[in-house]
Amino acid sequence: MRTTVVAGNPKPGSRTLDAATRLAVALTGEQPDHLIDVIGLGPGLLGWGDAQVRAAVDTVSGSDLVVFASPTFKATYTGILKLFLDQFATGDGLRDVTAVPLMLGAGPAHALAPELLLKPVLVELGATCPAAGLYLIDSTYTTDTRILDHVERWAPTIRSSLRSEAS
Amino acid sequence: MRTTVVAGNPKPGSRTLDAATRLAVALTGEQPDHLIDVIGLGPGLLGWGDAQVRAAVDTVSGSDLVVFASPTFKATYTGILKLFLDQFATGDGLRDVTAVPLMLGAGPAHALAPELLLKPVLVELGATCPAAGLYLIDSTYTTDTRILDHVERWAPTIRSSLRSEAS
Amino acid sequence: MRTTVVAGNPKPGSRTLDAATRLAVALTGEQPDHLIDVIGLGPGLLGWGDAQVRAAVDTVSGSDLVVFASPTFKATYTGILKLFLDQFATGDGLRDVTAVPLMLGAGPAHALAPELLLKPVLVELGATCPAAGLYLIDSTYTTDTRILDHVERWAPTIRSSLRSEAS
Amino acid sequence: MRTTVVAGNPKPGSRTLDAATRLAVALTGEQPDHLIDVIGLGPGLLGWGDAQVRAAVDTVSGSDLVVFASPTFKATYTGILKLFLDQFATGDGLRDVTAVPLMLGAGPAHALAPELLLKPVLVELGATCPAAGLYLIDSTYTTDTRILDHVERWAPTIRSSLRSEAS
């Protein structure tokens, strides 16, 4: 099984990336195979056909499980994450990928955003999103129980989705 | 496996109910075990504790696969369907249920509604919604290929979700 | 100017109704002309053509300013409120009405719901919704500053919309 | 009165820009004062503090009326548009700006996106969005009546909002 973490934070090496990695580890028991810190792809994201961007898209498309993570900007996911998602083929770009939407925010007010806003983009790309979207508080996600609670609640559903896509 | 169809149309015996039944048959190869035409539950829906409403909730909660169907009223699902959904326990009311959101409309303009509006309510109730929401045109769903296309695309994902919940 | 408060809580005389009334008073400096506690309309809401429901719809349609209020059920507005909104004509039912979406919840997690979920229904009915949707915590709205903050921020915008519709 | 058009299409000189300009002209009777074709701002969009991006933000913030336009990518607005919107201050970045959300798509299926997805971002930035979101078909917007219908329906509301913000 191949697991990838995608973090769409304009700051490299962000808490977004860290939280997404922790979630992937909690779901699979292993370090993710690939970390894609979208901002590192640079200006090639602004057009089409950049080789590095293409390679990142292929890594994601070829993964079994992908955590898509974003900080909350303007009550929704970031432009940088969407810029990357715009590179995938509509309907099929995430086919056979089990995707987990994750967002982080400074406070709880935007907790609906992963489910209402980020997940539908992933579904439009053809991903299977069997679990509820997860929202974390960026100052407490390393100490609170939200990641564990989510994993306890949804990991069986996610794992079964993975086995299915693999078969 | 127990399959249930829930139709939230203020008119009994609606095309909504028919389309949802067709979708259930296309997904499972069998007639659904239960049809719940919500309007038939009557005024007990306006409060809590009605025995007939309670029985319908239990039927749905105890099902493996449920198609939740609504016509499009005011660009979203109906009040009558939401009234029924309000009877379920938040977080757990649809736990271990694989749910398929279905909406019908007169034209294509509201095609995003099942994914953006109906699915999140089902997820809030704890349902597993592994497939994209489906939108049908109410005048052509018996002759167009939308139900079949959806089943071809998503039935494997839905079936695997069912096996998982059953295990 | 005619102001109406609509509360869609299955419990009569709810905090929803109280909070909506307080918001209307804070916006206008006067008690609202009409209070519509939707649950009081009874089983006529489940069909079409009930005289009492019709009168309530006409009261709302003929108002200049309407606060539409709902508790948060399953991460969105209630079925009882939507049942009432389904009685209005699409596109024109709230034409020339300035509408303010208000939701209350036990905690902050659903704060996006008035803007993302309730406001679009009002706009679909033709209402002018110039202000952001407001979300209140049901246990603290009488003591916190959220209503006042909202009024300070948005009342000028709402009042100008009212003058415009009146002209 | 200062009018600005913002187009978030990765292709410069797009139909998105053209349609947004036509809408601005139809609303005001004049050519817009500023056209911001976001892609032209280049890689400075990927970070903070770029002078050209800053100037574009200031132009928009200082405008009375702004049409925010995007093609539909993955059933919502583009990453390039969101990247630009992420440059504004939350809550106040579009204060006193009357904003009109506009999206174009190849077909009608995503017609709910301007209202459900683009408008909430503008409201989060503090914009006044008194009119419904507009969705155009990219192959027919120069010949169909959608722009005119929208202007006939909503221009009085938008103009009154403008007068109010100016006062």
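To keep things simple, chains are lettered A, B, C and D as they appear, and every chain counts its residues starting from 1.
As a working rule, a residue touches a chain if its C-beta (ideal position, glycine included) is under 8 Å from a C-beta of that chain, and two chains touch if they have at least 3 such contacts.
Being a predicted model, the structure only gives us computed values, none of them experimental.
Engineer: Enumerate, in label order, the chains that touch chain C and chain D alike.
Structural biologist: A, B
Engineer: Spell out the chains that contact chain A while also contacting chain C.
Structural biologist: Of all the chains present, those in contact with both chain A and chain C are B, D.
Engineer: Going by the average position of its CA atoms, which chain sits the greatest distance from chain B?
Structural biologist: D
Engineer: When A-B is set beside B-C, which has more C-beta pairs in contact?
Structural biologist: B-C
Engineer: Whole-Å distance, chain B centre to chain D centre, using C-alpha means?
Structural biologist: Computed from C-alpha means, the inter-chain centre distance equals 36 Å.
Engineer: Distance-wise, how many Å sit between the C-alpha centres of chain B and chain C, to the nearest whole number?
Structural biologist: Roughly 28 Å, centre to centre.
Engineer: Which chain C residues sit where two or more other chains touch them?
Structural biologist: 75, 112, 115-117, 120, 124
Engineer: Quick check on the complex: what are the chain C residues that touch chain B?
Structural biologist: Touching chain B: residues 10, 39, 42-43, 45-48, 73-86, 88, 90, 117, 120-121, 124-125 of chain C.
Engineer: Quick check: in the complex, which residue numbers of chain B touch chain A?
Structural biologist: Going by the criterion above, the answer is residues 112, 115-116, 120, 123-124, 128-132, 156-157, 159-161, 163-165, 167.
Engineer: Quick check: in the complex, which residue numbers of chain B touch chain D?
Structural biologist: 75, 107-113, 115-117, 135
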